[in-house]
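Reading through the structure tokens given below for one structure.
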Amino acid sequence: MDKILEVKGLSQVYGPGCDLCFTSTGPEFETNICPHCGSIVALHDLNFDLYKGEILGIMGESGSGKSTAVKCLYFDQIPYSGSALFFDETEQKRLFELNPAQRRSLRNHRFGMVYQNANLGLNFDISAGGNIAERLLMSQVMNYREIRERARELLARTEVLTERMDELPKNFSGGMQQRVQIAKALATRPPLLFLDEVTTGLDLSVQAKILDLILEIQSELNTAMIVVTHDLGVIRLLAGRTLVMKYGRVIERGLTDQILEDPQHAYTQQLVASAL
Amino acid sequence: MSNGINFAFLDEYAKREIRRSVIKAICIPGYQVPYSSREMPMGRGFGTGGLQLTLALIGVTDTVKVIDQGSDDSVNAVNLRKFIEMTCPGIATTTRLQEATLIQSRHRIPEQALRADQILVLQVPYPDALVIVEPSEDKRKVMHGEADYSRLLVKLYEDIVKFDEITISHRYPTRINDHYIIDPSPIPRYDVPKLHNSKALILFGAGREKKIYAVPPHCPAEPLAFDDVPFRIEDFTDSRGERRACKLCGSQESFLDEFIDEQGERVYQCSDSDYCEQQQELAHG
Amino acid sequence: MGYVAIKGGGRAIDGAADALELLRTRQGESGQPLDLETIEKQLYFLHSRILSEGGLYHPKLAALAIKQSLGDTLEASFALRAYRSTKPRLLETPVHDTTHMRLIRRISASFKDIPGGQMLGPTTDYALRLLRMELLNESQEQFQSVAKTLFTNLPIQAVPDSFPKVLDSLRAEGLLPKVNQAAREQPFDITREPLIFPVPRSAALATMARGETGSLLAIAYTNMRGYGDVHPTVAELRVGYLPVLLPHPITGELTEVGEVLMTECEVVAMYQDDDNKGLPTFTLGYGACFGHNEVKAISMAILDRALQKGMKDGAENPSEDPEFVLLHVDGIDSMGFASHYKMPHYVTFQSDMDRLRTTQQKQEASHE
Amino acid sequence: MTNKPLLMVENLSKTFFLHEQNKVIPSSSQVNLTVYAGKLTALIGPTGAGKSSVLKSIYRTYLPSSGRLLYESATGGILDLALALEHRILELRREEIGFVTQFLHTLPRQKTLDVVAMPLYRQGVNKQEGRARAAELLAELNIPERLWEVPPATFSGGEKQRVNLARGLIASPRLLLLDEPTASLDAETTDRVVALIQRKKEQGVGMLAIFHHADLVKRMADEVVELSVPVGS
């Protein structure tokens, strides 16, 4: 199996930061706020490898640092420290050493992101088709008919009625917005997809369909994914391996079924016990 | 002028700064160079950007032509020309394109081809083609730097979806030297192809927005379009499919102004008055 | 008087200039031209406004600008500004300390008593806004006798040369952030450098100092009313004459060359955490401009505080957005652009018609 | 048929520590067993002896507390399943080790054919072939054809179990872990399953199984390992 991403020592601090930040926060202190400088240690020393076609789950409550991790990797935020190596087709790229144009190019061509809040991933003022067109246009596809055709195919694949492709996504239901986001994320067939709480807030039946869709896409395109969620059900269905996070730290990691059936950490045991 | 106003109005420090900006603009075709635009004694929006360029570049051997809407005799053109004459003693002015070394224009590029020894200065109200998709200048700067124009292209895509046609009528976004996209000032689409590989230096000055940019000679300029939905200039064919002609000179090759005459008839007339007069002179020998 | 904007422009412009001049002199042969000193002294606040928005401290030319523009504040400031463009910059003053202002008025809303005392001075704040009918037919004699009485009865108090600043005592108590020395040394010159965002605070202050009063007030008002979070207290508002110091051309020693009338306002707003582990402090907003323009100085101070917040944490509303505020408060820019829409736009309109007709034809064709 | 050991479990113990109650719960203790290629080893013992824990520890659904789980992989070389890297375990699950449990977890709208063929898809088999092979297996297990195109969510317990079994068997793993694979089946279907398992043995699959009925142990097992309830539980 081939590695696609290698993350080492990834940390994120909001605030000035001080020498004591990392040694005074975390699960054992039950806080991620540094008592010395008031900074928030959103993430500390995250390490993991991701392989091609693999789905990795990152589970935790809000404030655990799980979303911060993907936001750093997708360049929505600049991390405090750490490294991430992306194994692209022919070359390896150190994500946090790239210049803004290189970062944008990776975001547009090689990564996809689906946010919990669709208006972060979609431009609500342009049509569903236009949203997909935007990503294709970034990839220098300059033929109008071809763009229309590919947008239509992608929306059909993600089960959005293609008659609605020229409508504004702000008029769509939540589930439909997520489908458009997924279609947009997939437009350039990226080998790596980030999913941040994608089903949170949707009806159960809609959730199940979205999760199904994600798995189908993963098996069709062999897309590697990082799935961030607080929902054990999502983790169970999607992820092969899971990291459990609390106060910015990974407190437990393992195969997803092991995490769910034989959790080691007190916090994970509590999570699993309260959910099952 | 009596009360101690400098040649070409601006003080020499200001001129030097503008010239430096012009050189930078030529070196980076299509890049909007910020400069500290001075207040001119006419309103922002009346061509103060173009005027500052003209005044910074002008010398006593220059012959200046000022056009507004294609005409040398429109109010604003006259106003600017008078100001230039007043503040630049010794220079010559003309309405003949061929005689001019420095041409300042608003909304038109002359019909006849410019020469390598001429400079065209265009007045610009909105220098940034991205403003329709991004209000923040800070963000637009990054987008230009990375040649990130997908949102502008999406605007074109949405236009075709809605109207089956790109609806941008003037200020047509144009890519210069394969990187920066400029707002070519409110010239009609008809004039945009004249930017491409022009022999003359074309400078753009935005006074209120404080930007200078350039299309240097022999520089590629491509209006944005899709491979299968080409850029199109204004259509002057009538219902019988014939190209309309100028009422005065009979030219079927010029950009036409359309208006209703005293009798209530719709008539067409060359927008470029100098060109029109030259055509008439040719016809009458 | 009809005109076709594309032809005969020269004659039309000359005619328009005449018409305007006729308007100025239409009192006819019995009329008296406005005397510049009268404008400066009796239209004091109008004159102050032109000094500040024109961005040039030249009381005589400011009065001239008012006279020739028939009292249009935008046009008058504009003329002053355009005049300024023709002048090279020869010298720079050092940063001035306004403690040494010769005050005609200073108040503080935050303390009942302040070192040096409150000094109400000339203000309309507590005046009843009743029309003073006795001025309807004020005679020259009446005017002069009022002035004479006031001058004669003026108690000559030992008014100190300068007053300590209210903020100094707050700062001494540690309630205010420390002065950023670096920012004091390199003020941004908006007349020589374009604003490229993000801009330093000094650029924002300079832009607002010559901003249009109404524009500043309107945006500041949005912030006060709820599109923002500044709940300011006026720590000190002072109006007075600031001695201007320039280096002596030979000795290099700072020498007083004159004084400028100016208004300065410092507001104190809700406290915030210190970024550098210090104690939380109040936040400050600063406003200052030429002339006696209190509303402008207060508006500017509120916007300064809002912009500092926006620059630090990101703008949450328009008044905290530096681009939004600074690119829209300049009266010369905004009035020019509003006016330019009166110019001919035939060519662009021709292009607009072309697009609309093509689109209409296409849609008609598709409906058939 | 060789008698080559495929899996050797040495002194496997599994205990759970419940943080909430601050309590250690022993599950399996000092288990030793061997699974041979082409043979079935049956685990017997009373309820509470930790039979399922042994299977789950081998599959790494549980983390073994002590002991070694030495597995001879297809690519050669012996590895300890208790220590192998997660990615290696996932690879083994995909290529070599199957697990049939009593419960079926599926996606709500996945067709039964695709549920069964999933292990093949993961190995890169295309949809058409995967579904053909799944259909074959479902027919053999007596699942009516009308059910093949619908998701198994609404199936009866017995039907679900057979779907689960089909999924476990389809990719012909080298090692198959069976946890009461026939618990809710009638006699006739049980016979079909027994025949199927027998055939897998003949193909060389090594199996470790828990049966709910002693009779099945007698019919199927080549080796029998008896577990007792650990002390302290």
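Letters are used for the chains, namely A, B, C and D, taken in the order the chains are written, and counting of residues starts over at 1 for each.
The rule is simple: a contact is a pair of C-beta atoms (placed from the backbone, for glycine too) under 8 Å apart; a residue touches a chain by one contact, two chains touch by 3 or more.
Quick caveat: nothing in here was measured; it's all calculated off a predicted structure.
Chains that touch both chain B and chain D: A.
Measuring from the average of all protein CA coordinates, the nearest chain centre is that of A. Averaged C-alpha coordinates give centres for chain A and chain B that are 47 Å from one another.
Centroids built from CA atoms put chain D at 33 Å from chain A.
Put simply, the C-alpha centre of chain C and that of chain D have 82 angstrom between them. For chain A in complex with chain D, the touching residues are 1, 49, 51, 54, 208-209, 211-212, 215, 219, 236-237, 240-241, 253-255, 257-258, 261-262, 264-266, 269-270, 273. Residues of chain C that touch chain B in their complex: 3, 5-10, 12-13, 78-79, 81-82, 84-89, 190-198, 323, 327, 332-341, 343-348, 350-355, 358-359, 362-363, 366. Interface residues of chain D, counted against chain A in their complex, comprise 16-20, 56, 60-63, 86-87, 89-91, 105, 107-110, 121-122. Remark: chain B residues 142, 145-146, 148, 150-151, 153-154, 157-158, 160-162, 226-229 touch chain A in the complex.
On the side of chain B, the complex with chain C involves touching residues 5-6, 9-14, 17, 34-46, 48, 68-71, 73-79, 82, 107-108, 125, 135-138, 141, 163-165, 167-171, 186-190, 208, 210, 234-235, 255-259, 271, 273.
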